[in-house]
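Take a look at these structures.
What follows is a pair of complexes built around chain A, which joins chain B in one and chain C in the other.
Coming up: the complex of A and B.
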């Protein structure tokens, strides 16, 4: 969701002020007043909502991250400055390592898998018959709930599940996908990539379709093979879509933890699948440490915000519609 | 040149790659479906069997019984429908104001709504939850929001509240409504139509396609919501929706066939979304392209 901010602002600023019309000056002020009243009325429900569920909570979150508080009694909140931050951001804290490291590794693995996979599929899919069917297949997980996805893969990863069944049939020993601390995080990252590949295929297919066919014809006349065409034409011209997919997937990967709750329950084995957003969730709702949890949320938010700004900058510079 | 373009080679490599990928995409769903029909002694044993050998419907009846699917289903429907309708109405109204009405502060408000889309949901999880617990005059709370036992979180309304308005929805509607011709609105204004009539009779009918897209995204997203709903419902099974109930009630079902029953529940909970997706694929796909979600 965050990813679309860039294109949104660009379009929006170019459209501002387009609705100005010249009305006869006599009736203008009355009309403006009428429109103004209607405008505020139409916006009132939404603005009230944002005040209660967005503006107020945002300031509350910042304040909480600077306080010490447990339970629900508002009179017990104690302001302690940056202590929560210094507690989680030092070299002895588990929040930096392994949790924040896990978060980055999880995001990186799922993004690389999803982008590489969707690029391959998007490149191949548009030459095939029954494109609708193929796209439907890849898109299925996008509409499934995380509970469905997580439980099915958890089942498939079990010693008696589908994947180890296949491995055993090939005379390979069973792998403890979710029980081996070294393998658990990549195992979940694969599922995250699997679940998000459909949306990426869609966006990349649209990107490939919008590339001018004559460029390919010219390349063919020059005798380029399909590999050269892919590296020399498709990839560079697809850059805006690729950047968009890449950044939105990174942002999603950094904050996703529903899959980890469903598949591992507690971020185990031994913290190996614990990520920042999940640790925040546990600190808050398992241990009631509102302050520590809020500071963790802020740190993760700052990381995601910086990535969003990078996307804004990249897509502004490329100037293309992504 | 034309002759060269007509030369059609069957792209075997592409077929193979997309098909292998397709199998990887489909297998989990097939495993889920087949496991839901496996008999008592068939799950969790070696060697693994893909197809159920002792085909049974009993997992489905057990799911209705032990997971109380009926009640979960009702909660899911109520929450999803209320949220979807609310998002559609508020987005259309706000979108219209931002696209077609001129008043002071409009552009600032629009920029603010764009900015709201930059806030990731996890950031508001804790404060929103605390606001619910301390909501004044609900669930035993006094006017200052103190003293109660759970406040708003004891009420199903708390599942819907944080989702009733969508910044993305407003943005989507506004971008679409900008393209409604001003001449049409001016003509109606000269005929004496009020702003509400303009909105309801002229702009809204034209916004139907974008409304369907927004409605679908909202419906599917809300139907599948896990984090917020599980947070509220974890201590109150009366408020559980389908995904949350299927996840959190697992420890209460027959331990010998937990997974087959869970799979049966998941199959049932996926059906409504799948039907909607099949019928409105075009609109849903457009929505995902616009938002890049998930």
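Coming up: the complex of A and C.
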């Protein structure tokens, strides 16, 4: 009915022609234009910021990924088509394996550890007194710089460090946490997870607090134990917060760079901790292969984009968008 | 009509703005130097990694001397950490803020030259460097096409450092002179505790910093008569390189060497019996070991057979930015810096380098200072001697990348006990892919 009325009004307006409505219509459209201009003017600083620091560099990176450039002089950029992509996406290249494999494994390990750890901590904090204090305590690593965190853990991982000292005291041989290629990547992933737990705990505790208490009371009356309450109520109702934590952790894990450079310096031993972001840095700033580095950045962008889409799709299928 | 005109004008104005902005960005990124010129006075900027004492104060003293005697050409120092030097060179050059004069590691010379960053010195300066500097120092700053990048500065050669006490306790009164002896002594001096922790590492084949395994390997490779890269940056690794890799593989397999212990930390506390390290290490060992420094000995890096020896030589250089507006003045300053002599007839640069435990790359300086310094410390003799036979580190445009590939391959052998044949084959292929 409303639709019919609107359609009739539109028809009538059209039949009346522009003669009768032209004056107020013109005034209105002028006012809209003026307001639109003012709107854009207010938006201009942030749009300019995005243009300069996001849009232009992104397009430049896409262009560079199709070019050969040693850095230094912009006039020496040479277009070479998809050569950089064919170089890095072939089986002889170290980019696919071990670098991309390391990146995905590192992200997966740090995400699983961080999400599981933060969920556990958030759940525990919820049952403790002085919750603000505990949240503050777990948030501290987020405030500390990656360099400080990386160096402290590096010292603890040393053959004569705290962790090996404890192992030796238990008559266990020292472990080459950062010198054994099989252990180095998980060792750094543990630090990445530890450092990012604080932020995740904040989000998850907020999520837990937003769950309606009456649901828990109903479960309690029905005789549900803690485990059943956690699996049946907390986890499903926490899914939106968990999805957010998952997505941000995966992106952070895939883009990890600073911790790797602080803890292993060169992505070693034997490329075992070399991840895509670190390799991009090496290619661009050390070897002067900006085209290769940009192509790697594009591949990583596509991977992050696809993984994020999959995560969103999975969460929507589970009904989180309701 | 008016609207159309305005629209067209608007589009033209927008296009002009975009073109203008792009032109501005390009002109800012053309790599011009950041020197200024007011009232006929030129101010040159000099980017180096001499940001910490004693190097900083030594360099400042020389620059102050120049500034007071050349009021029309003033030099302003800009310093960064060595780890940030290449990145700073790159970013500042791209942003149009490159310094007029730059200090660079010789390994990066080819990369900088290929990208047009370095100005070619005059024939006179090039001749001075080619004729009057030690062969290895001159070679380290000369590209494959014959272009001289700049004046060699921090010049280092590699030798075998050994702990006399540890060797004596194992029954050896002399350092190894062949690879067989090297293996034997390394195996005999290695000690581990019941938990498997190293108490003494027989021989260390790594060093601090970037690509830790490369320099000790290249020193051994030179002792075997092998080469790393040719002038074009292609792999020159042959059967000699495979033999050298096999030596390192044998040492790793027997546990006589490890990459998990850094010799710069453990050698001073008697935790390493032998290490292949650069000449600059002498100064650090003296200050760290104090009286125990008397236990330290140096010897040429041994070759496969008696009488064969080898070493790697690398240097830094000071060059001029091709985008500088005052190239002439910059070369004038550099020529003075590298040839102005003190009362002893030694260039001030040579004296500055020798004071900081480095070999003066200018032959005349080394001839004067060398005997004097070696009389004070006999450990300097093998280091100075190596300047005459050492293999200069490659400076091809892809040298840094190739060196990283070499380091990764050596780590495969030292850490993962990877088979030498396959690792050697993969490394050659990776280097040649460039």
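Following the convention adopted for this analysis, the second predicted complex is superposed on the first by the 254 of 322 C-alpha atoms of A that agree within 3 Å, B and C clash if a C-alpha of one lies under 4 Å from a C-alpha of the other, contacts with A are read in each partner's own complex, and residues count from 1 in each chain.
The rule is simple: a contact is a pair of C-beta atoms (placed from the backbone, for glycine too) under 8 Å apart; a residue touches a chain by one contact, two chains touch by 3 or more.
This structure is a prediction, so every number in the text was calculated from the model and none was measured.
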Chain B versus chain C as contact partner of A:282, first or second or both or neither: second
Chain B versus chain C as contact partner of A:136, first or second or both or neither: first
Chain B versus chain C as contact partner of A:308, first or second or both or neither: first
Chain B versus chain C as contact partner of A:268, first or second or both or neither: second
Which of chain B and chain C A:117 touches, first, second, both or neither: first
Partner chain in contact with A:57 - chain B first, chain C second, else both or neither: first
Contacts of A:168 with chain B and chain C, given as first, second, both or neither: both
First, second, both or neither for A:236, with chain B first and chain C second: neither
Chain A residues touched by each partner, larger count belonging to chain B or chain C: B
Chain B versus chain C as contact partner of A:70, first or second or both or neither: second
Residues on chain A lying within both footprints (that of chain B and that of chain C): 72-74, 159-160, 168, 285
Chain A to chain B touching residues, read off their complex: 1-5, 8-9, 11-12, 15-16, 18-21, 31-32, 34-36, 38-40, 42-43, 45-47, 49-50, 52-54, 56-58, 60-61, 64, 72-74, 117, 120-121, 123-125, 127-128, 134, 136-149, 151-153, 155-156, 158-162, 164-165, 168-169, 194-199, 202-203, 206, 217, 220, 244-245, 248, 251-252, 255, 257-258, 261-262, 277, 280-281, 284-285, 290, 293-294, 297-298, 300-301, 304-305, 308
Residue numbers on chain C that touch chain A, as the complex places them: 26, 29-31, 86-87, 90, 93-94, 111-112, 114-117, 195-198, 210-212, 258-261, 397-398, 400-401, 404, 407-408, 411-412, 415-416, 429-430, 433
Residue ranges of chain B in contact with chain A within the complex: 1, 4-5, 11, 13-15, 17-18, 21-22, 24-29, 31-32, 35, 43-50, 90-91, 93-94, 96-104, 106-107, 109-131, 133-134, 144-146, 161-162, 164-165, 167-168, 170-171, 175, 178, 182, 186, 189, 194-196, 199, 220, 223-224, 226-227, 230-231, 242-244, 246-247, 259, 262-263, 266, 269-270, 273-274, 277, 281, 284-285, 288-294
Sites on chain A touched by chain C in the complex: 70-76, 87, 92, 94, 159-160, 168, 171-174, 176, 179-181, 265-266, 268-271, 282, 285-289
